[in-house]
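Input: a single structure, listed below in structure tokens.
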Amino acid sequence: MPQLSEITNKIRESARKALESGKAEVVIGYRQGTIPLTTAPFFARTAEECDQLVWSNFARINLANYLSGRTGKVALVAKGCDARSAVGQVTENQILKDNLYIIGVPCSGMIDNNLVTAKEPRPISEAVETTDESITVKGGGFSTEIQKADVLRRNCATCVNRTPKLADELVGPEINGGAADDFADIKALLGKSLEERMAYFKDLIKDCLRCYACRNACPLCYCPICFVDETRPQWLGKSTDSMDTMTFHLLRGLHCAGRCTSCGACETACPVNIKVREFNRVMELTVQSNWRYEPGLSWDQKPPLTMFQTDDAADFIK
Amino acid sequence: MTEYIVKQNALADFFKSLASGRRLLTPRGTGDKCKLGETPPDQVTLEYTNTHLSPKSLLFPQTERLMAFHNERDKPNGYVYQSLGDNGEPTVVFGIRPCDARGISISNKVFQNDRFTDPYWKGKIDQTVFVGLACDAPSPQCFCAAMGGSPFGESGLDALAFRQGGDLGLKTLTDKGAELIKAAGAQEANLADEIKKLEATAIEAQGVKADYKPIDDLDLMDLFKDPHWVATAENCLNCGVCTFFCPTCHCFDIQDEASERGGVRMRNWDTCMSWLFTVHGTGHNPRPTKTERVRQRFMHKLKYIPLKQDGVRGCTGCGRCVAMCPVNIDIRSVALKMTQTAPSPA
Amino acid sequence: MNNPYLPYPVRIAEIRVETEDKNLRTFKFEFLNPEDEGKFAYLPGQFAELSVPGQGEIPIGIASSPSEKGFVLFTVNRVGQVSSYMHNMKAGDVMGIRGPLGHPYPLDKLKGRNLVIIAGGFAVTTLRSTITYLLQPEIRPDYGKITFIYGARTPGLLLYKDEWMAWEKRDDIDVFVTIDREVPNWGYRVGFVPAVTKEVCPPPENTSALICGPPVMIKFTQPVLEEAGYQAENIIMSLENRMKCGLGICGRCNVGPEYVCKDGPVFTLAQLNRLPKEY
Amino acid sequence: MSDFEPKIVAFFCNWCTYGAADLAGVSRLDYPPNFRVVRLPCTGRLNPKFIMEAFKRGADGVWVSGCHPGDCHYIAGNYHARRKFILLHQLLESVGVDPNRLRFSWISSAEANKFQAMAKDVVENVKACGPNTTFRKEELNLGLAEVA
């Protein structure tokens, strides 16, 4: 049962070393949030600033998002999924491998705030966390202990890459195991009628505000001009039309196919709690079953859509 | 400015009267599903923190059709835009929080500015009576008092309601509000002292001691040029969640959509966090990176709006952006940084 | 209630290709409903939203002068969706204009003063309006000496050729037209606008400068004027920014607290010096 | 259903299926006229958003056809396209778009007969699906009555 403070100290130490040794000009990590149940991305450039870095059960945002297009040497505090995204950034030529130093943090999963507030609906003014197994939330006249296992994000509950194996260093003992996403719900959904499926996905995105927080939080979405922002021609209307919204989610799902590491940043960022990852999971399932490809697990693997086999099976093409 | 009281056992009749002849909108649902909705009078609840999204969409929907044309070029008015009207209907909003009502009064000065009146906004606001519900239990991210408001704030409201044990206290603030409350059968009562006491307790409970006054006194250009903006914006994702949730963010985009039969001109919420927001046809962009865009948002809330609206800040302290920001950019911390701006030698 | 979003329907009476690259065309509009012309009462320096149903709107400076009755003129550069569409429209087609928007040049306050009017490229449009307005016999005596400096890259990119040639023949306005590089059979000046300004601009006493042009021209002309002794209050410029509503509501064209559409587009340099350079 | 004449947007590769359509025409092979053809330099050029846009704007069906694997004019364009199609096909079917509305095929420029048969088959399939009512933008509400 690792103490969070231990990991925090190790991260600070590694960060300072990375800065001192010139492996990095900046360390991208997390600092304590200003409200309970959050952390914030933090850019440490001096030894003093490294003291603000922390490890937490709320380190949800994927920091690999800050890598694309960055010049200069950078050290990244990364969970298993983040490290995979960082590797993806390298294989997709968004950052030079030589400029990237990964401080890997074996991760036991991050907490979904919505599950916490479902368990403790009273306004929470403080969250105390000492280990990576439970938290205590406090508010006006109450103090409730919550087991992390009960409030894990869904992507964390099915994570099998908890230890960032390609990291330059690890700041804690490896964490392994866990049951992989069996896509049971997606498979069950695909067994339903076309109408039911359409209804399911339309209902899924009915609250979407088209703020594109999912896109902006996603380390895969680094296009200088996203297709939703193209103006000539303008592919998507800007209104709340449900079909425009659907097109956005479908195309984003396609664009992330074979690249998504299930880091859950999109769902964390979504202000109206849409299960954005459903689209990515459909694609993930397709990619895995067709090409057995999992992104971000080696430096030299090529993303499935940058290559082909002459005998790729596609029976539906007549 | 008269106070009234509605006894617990008369509440059902009171809400019934509010709803007679008009729509009654009150907050419904919990958590991220809490929003203003048409409510049968017997289902009005006072148990909620605040609506998930700000109530601005009531007067300024995310998508609003402004005008339409039919593609009949041979007819006299065939290919010409005609207004679709303001779509307003008589409405009572009960239970809007004072922070959000203040947001509406700030936006009202934009939509009805010194030169132009937005007919779509005006059509709706003129037909709406706002009865606020004071906050006796502010949530942890609330800071209206620090921004110059109050959990018992009156700006933008026609009447303010507050919980008085099991009863409902009311203070009318405009003629529109007085007419409504009187007609609903509330009884006059002298509650001025009581309100003062409750307000003080509520402000105390908020416990925000920050003083943002220095921003008001600092020079616009000093605030603008301060080097902190680079670090402040560094972790911003430029997603715009803050702007979509903000009760005073009122920026929009005007778009035409057309088919063979005709077309519609509509306006949609837009966000200053997007690079597309300001880019010129030539490709030149006055706010090219997230640093300028983040600075624009906070300067707009905390300096530009106060300069244009007699010192009233564009942030009402509702705390939505603080709670919703995926990377925890907290307007309170940013405002604090702004107060520390070094004034340039005169 | 008056709906400021609703365009007045107009018919394109005439389209004139202004430049050799054919990227600039001047549209002459006539109001479909004659009473709208009275409602569209404008002064030089104001702009309007040109509205093509189904395509969108673009903010364009008004090139005609209020003294020209029965029509309004706009010179449109082909850049984006709406302007490209307009370049394919024909005389007789119906579209809309919405305005007038913004504040005009403060000609009222400039009565009795000398004016130096400096234009670069196709930004000359609202200054064409200004000069046409000022040269009316009943208006002209209200002002002192008028100097007009106008530059473009090549002769083919100069707008309103017939008009400035006619102005040149008059003795109540000094016209200096310049192009960037020497070409054969060019009978006027050669050199950039700032250099010409330095040479010909009148002394700053009782004189105001109106400038409209591309950013690079303004950047280098402004110091020339300041060096010549012009006060920032007397240097008057017109800005542009991306706009949508034109009414100070939609929020994108702001320069600090001022909206270019509602509070501008005309600002004095003194005002701009106190504002962020977000334009 | 017999009255229903579907609108089908067809994306044909310039080097093969487009030629096959030509050849079918020259050879007087009858095929239904329900297609609006968009000529592409290669199926590799087909951005999935083209297909979405077609449906969104009310197409009842979409037909994409290019060169047989191995025959690409640009050597590998259709191999890359095939991977995209696999994903797109799965994605649209997963969200409830009837797979009979979306056809992919390989037809070389010599295969006029295959083109004819395929065209008939595509139209029949789309006809069986009926008009596209679910995966399209709603008809613009012009509010004509309101403006009278």
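Per-chain numbering from 1; labels A, B, C and D assigned in written order.
Operating definition for what follows: a residue touches a chain if its C-beta (ideal position, glycine included) is under 8 Å from a C-beta of that chain, and two chains touch if they have at least 3 such contacts.
For clarity, every value in this text was computed on a predicted model and none was experimentally measured.
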Quick check on this structure: which chain has its C-alpha centroid closest to the centroid of all protein C-alpha atoms? B
When I count C-beta pairs in contact, which pair ends up with more: A-B or A-C? A-B
Here the gap between chain A and chain B, centre to centre from mean Cα coordinates and rounded to Å, is 32
Dist(centroid_CA(chain A), centroid_CA(chain C)) in Å evaluates to 51
Averaging C-alpha coordinates per chain, one finds the centres of chain B and chain C separated by a number of Å equal to 38
Suppose each chain is reduced to the average of its Cα coordinates; what separation in Å results between chain B and chain D? 47
Hunt down the residues of chain C that sit against at least two other chains at once, touch-wise. 80
Mark out which residues of chain D touch at least two other chains, giving numbers and ranges. none
For chain B, which residues are shared contacts with two or more other chains? 67, 69, 82-83, 253, 255, 257-258, 262-263, 270
Every pair of chains that touch: which are they? A-B, A-C, A-D, B-C, B-D
Give the list of chain B residues in touch with chain D in this complex. 65, 67-70, 82-85, 257-259, 261-264
Contact residues on chain D for chain A in the complex? 48-49, 52-53, 56, 69-70, 76, 79-80, 82-92, 94-99, 103-106, 118, 121, 134-138
Please output the residues of chain B touching chain A within their complex, sorted ascending. 30-32, 49, 52, 62-63, 137, 139-141, 231, 234-235, 237-241, 244-245, 253, 255, 257, 266, 268-271, 274-276, 322-324, 326-330, 332-333
Residues of chain D touching chain B in their complex? 139-144, 146-147
Going by the contact rule set out above, which residues of chain A touch chain C in the complex? 231-232, 234
